[in-house]
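Letters A, B and C name the chains as they come in the text, with residue numbers starting at 1 for each one.
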Amino acid sequence: MKLSRREFMTLAGGSTVGAVIFTACGVPADELLVEAPLDLPEDLVTGIDSWFATTDDSGLGVIVRVMEGRAKKIAGNPDYPINVGKHAVHSDFALQALYHPDRVEGPMRRRSAGQPLVPISWDEASDLLAQWMTDADGNLAVVTNPIRGGDARIAGDVASAFNGRLMFFDPLEQGVLHQAVKTVFNQNRIPEFDIANAHTVLSFGCDWLGTWLSPVRYSTKYGDFRGGDHRGFMMHAESRMSITAAAADQWLTVKPGYEGDLAISIASVIVKEKLVPDANISAYTANIPQGELDNWAPELVADRIGVSVERINDAARKFAGEGPSIAFGGGSAGAQTNGVFNLTAVYALNILAGTVGKAGGIQFNPAGSQDLPDSATGASFEVWEEELSQWRAGNVKTVILRGADLVHGLPRSVDAGGALDNVDNVVAFTSVLDESSTHANLILPENSYLENWGLDVPEPAPGYEVVGIRQPVVNAPLDGETKARLYDSRNFLDTLIQAAGSRVPVNSVKEFVEDTVADIFSAGRGSVTAGDARLFMNGVLQRGGWWDVNATETTGSPSNISSPIAKAAGPGLSEIEVGVEGHVFTLVPFAHQSLLDGRNASTPWAQATPDPITTVAWSTWAEINFDKAKEMGISEGQWIKVRTTVGEITVQAYPHPGISPDVIAIPIGQGHKEEIGGRYAEDRGENVLNILVDKKESETGALAWAATRAVVSKSGGKKEFPKFEGDAKDIIRPAEHGVPILIVEPGQTAHEAEEHNHELHLRFISNDE
Amino acid sequence: MLALGGLGVTAVMGFVMVFIITAWFGNPLPVLGFDQSPEQPIAFPHTAHAGSEPLLNTDGSPKLDADGNQLTGIGLDCTFCHRTVTSTNAAGIPPVETCVTCHRVIGATDSEPLTLLRTIGLGEDPGPIQWKRVHRLPDHVRFVHEPHIRFLTAAGNTDVIANRDEAAILAGTQMDGSVVAAVTCSTCHGDIKSQEQVAQVEPLKMGQCVDCHRKNNAPTDCTTCHF
Amino acid sequence: MVTAAERVSSHKWGMVVDVDRCTGCQACVMACQAENNIPLSTEDIYRQKRTFAWIRVERYWYGDFPDVKARFIPIMCQHCENAPCEPVCPVFATYHNTEGMNVQIYNRCVGTRYCANGCPYNVRFFNYWEPVWPVSLRNQLNPDVTVRSRGIMEKCSFCVQRIRRGVREAARDGHDLQDGDIGTACTDACPTNALVFGDYNDENSRVSIMAKDDRKYTLLDALNTDPNVLYLAQVDATGGAIGGHD
């Protein structure tokens, strides 16, 4: 089209020119506008940042910075007793989960297997859900991640209203830990570990500073343990260098499955050398036949368990030395066929230390407030095997999944996907599509916790009653152009309540929270005091929860315990295939520092956070001992095959010196297939959980996820890791001792250490010449 | 002919030069939409709200109400609508709610802008108003109203107020010598209350900011505004 | 009223890092990314070795298996008093201000990258590409911090936006700043309190007290950069048994 001069001037003229020119300079057109909203609640006022308190889905109290209606930053809630103002690496990921570009936008239905998902309305979806729940009366299964407090109460009520069951799924369940705590201390809840006041800490198998239970809480206590007037001494037994092992003063390189033997061996030294008061020894040995402990003398077990005689003796003397001392364990130490033995042996050490129920030791937690469910752990693998066989047999009509990716998290041997395919109606609440939702007939978009009401009873509790309140802190994100809700998601529990209708006694989660808080108010104690129930509710919401520091558990420590050696057994590692080329390793999966068990995998921040030990991001790696790798001809980035009797994955090797030569460690959380887990997680890395052999803990039936043996062999080629290490070049190669990390001996000043290092350096240079 | 063409080119080039130079040192020449006074979706007259002079029609004749009485501006304080100016970054654009609180009843029923406003604020599907931004600073500048107002209203600092309306300042002076916030706005925004359609009158370039900061012993560290 | 604090600074901001408390958990790294609109470090960016991390946790191995230790140290801009990055900037986009901070002015930066070459700590990051966020993720961006465009150098700012807000709001509400009122994103996050931020001019502040600790040292002391970030040495309670120093 040929423009006349007048037309051109008309086009170029007018008030839009400025906008056009600004847009060309990269200024978005909407920045040239300023909106007068219809009304102006405080959180929409430009420039004001409001911080709202809520409770995140890992049990931390958080405050969320909201500006102009959008969540900007998540920080620890300074009032909340669990994390006192601190937060974890994964706390901010919730922001990206909230604004994730691949969040499910609305309900979707799959008419029949193999058909694509088609969008449907919420009305249609809720009717369908109600229909399916009614149809499945008596054979309904509601499967969620472990939830506690009001959330668990409501979900349980809904399930039982239809004579169904509420089941929890956690790939790295804590059932063994619960069993051990029950056995040793007769407690149902995981106790509080008073690390801050302890002088000596001895831990086994659990990465408590990184991923285990409540790492932020433990880390705050670890800070006090290190600081203060008197620096504590810490020992950690694990086959792999986790960040907890790295923080320890002494790392005990125990072989997987022998943590219990190590603990008993330490006890045998303490008993033999009478390093603790007689009362403690008699409490510990009350049910141990005379002389039995001698079978665990360091000289007899050292070779078997992989820790030298001197180290065991030294650990025993340190543990029995300056107190208070505390011992605890879990994680890979419990994920063995002899897991309960390992952990009971570990926790029984506290009896020897005599610190149970005292400052610096194990402190018990009272039952949750208002009789709310106060403890949750995934159902054991044995239970899942049975449940899935029911599904496969067509005995379950409707399965509701939420936050539980069975297909990704269970070993391949149980074929969770096949079992789901035999269930008539599979409903998946999810915000980003996961592996299990590909087997669902109905996908329902779920809120982020930032948009939800809820009520949490944190576990582990801090030794007294705590109730965490979850409140919606942001409005649903709006589309920039249409100003419509970007994601039409709902609260999972509210949707269930609505579908259950009059069968459940509550009308909404919000109402449940208000009622519970009103009940707490009428008890008239705790952290909030107010004249009436409404003000009380406001006070609770402002603080993000309610707690009563005086509501502690008064149960004393047991006077004697059942014999910690009664259940003694070696680990039962899985078989290996005969005739497969390669070296045999024990395969120890571990929770990724930022992806955890994979629940954060969809957010780019989680993917981009470098692993502390290897600095690798965006991929799956296999940690292998440096010297062993050299022997096998494996260098960094080499593709290796890890083969178990049920499957094989090909991952890249990361050799480093901090792992036992007979162990290969692989992080979990990756390995989503194409178009699963959103754009940042799809088709990335490998899922080690799928190749685990179905070994079970002998007492609880839990999956012994650290008891699989694998054959490792080189595969073709190598590739450089996407890793942070080596990115900042110069400082990585220390020019002399003490650069950049200066190490001093106790009592030595930095200046003295620097002088000493400099002398060494000069000597080194002169030798060079 | 050639000379004429040459003259034309020179004229155009000269105009472009003048445009760039004015735009560089102050406000650009008010042509091609650079008049710094965009037409707003609703013709909101600051004269009627903030001003207290008799109102005029576009042709200069006095504006009369239905009974033939002269209409005058109602002289609202700036902070009546721009509420957060004394406490935070932005002065704050009032929500539609604030407008219709009065205009539900006040104002002619046949007025085009008011009908539009009532539709937006009270209609079946009430919605926001997208005003065109008049005073806009680049993304790398963090301007906060609050400390500026705090400084200008303080006793002893009133001399700094520019584009002064002496009568208003006198009327707005408190017992302790401080002044009300509304009389300080003119320093950067000019005489808004006499503008039918708001225009940017001060260039609001960095030079102007720094001059004022230097003169008044305010911080001139770059990270005062740029971070 | 404008206080003296706002006209001529009476603050000297600084940070003390107790290496002995650091567990390498990465909470500081993530908090910084979320606060400061740091571009997403995609896998491509990792492979190009152009990762952005205003604060990073470096890991060093000491010794051999089984007497081995992994040790961590968080490293961010050291805000040197004698900063090697400052004199090389041809446009004064980076300079030392009166509050002890080495500041980077994005709108002045022309992208010569001389400063990054001058910096011995490797804490300056250059935007080789325009940072991209999917539209919905832009909702999270912090409106208090400029989104840097291509061709700009950036680095740790000591969360200057929080300092400005903290000082301003204290003056507005008429109360004095207390130690701990202003925290950077990383110090607020750090669960073990290995990172502490504060004002060296306040002699009762935590950083002033920690600066007198026997374990105090500075990174690359020999270069005489005189950093405002101080470190407290890691204690080896096993008495040198494990390789770290002989």
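The criterion applied here is as follows: a contact is a pair of C-beta atoms (placed from the backbone, for glycine too) under 8 Å apart; a residue touches a chain by one contact, two chains touch by 3 or more.
Just so it is clear, the model here is predicted, and its values are computed rather than measured.
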(request) Find the most central chain, measuring centrality by the gap between its CA centroid and the centroid of all protein CA atoms shown. (result) A
(request) Return the chain pair with more inter-chain C-beta contacts, choosing between A-C and A-B. (result) A-C
(message) Need the CA-centroid distance for the pair subunit B / subunit C, whole Å please.
(response) 40
(message) Using mean CA coordinates as chain centres, what's the gap between subunit A and subunit C in Å?
(response) 28
(request) State, to the nearest whole Å, the distance from the C-alpha centre of subunit A to the C-alpha centre of subunit B. (result) 53
(request) Quick one: which residues in subunit B touch 2 or more of the other chains? (result) 87, 139, 144
(message) Applying the document's contact rule, which stretches of subunit C touch subunit A when the two form their complex?
(response) 18-21, 23-27, 29-31, 33-35, 40-43, 46-47, 49-51, 53, 56-61, 63-66, 68-73, 75, 120-123, 134-143, 149, 185, 188-194, 214-217, 219-221, 231-240, 244-246
(message) Give the list of subunit B residues in touch with subunit C in this complex.
(response) 87, 138-140, 142, 144, 146-147, 150-151, 154, 217-219, 221-224, 226-227
(request) Give every residue of subunit A touching subunit C within the complex, in rising order. (result) 26, 67-68, 70-76, 83, 85-93, 95-96, 98-101, 103, 209-210, 215-216, 219-220, 222-223, 226-227, 231, 233, 241, 243-247, 249-251, 253, 477, 480, 486, 593-594, 604-605, 607-610, 612-613, 615, 617-619, 625-627, 656-661, 720, 722-732, 734, 737-746, 749-751, 753-754, 756-757, 760
(request) Going by the contact rule at the top, pick out the subunit C residues touching subunit B in the complex. (result) 1-2, 6-9, 95, 97-99, 101, 103, 105-108, 144-147, 157, 160-161, 164, 168, 171-172
(message) List the residues on subunit A that touch subunit B in their complex, please.
(response) 12-19, 27, 31-40, 45-48, 483
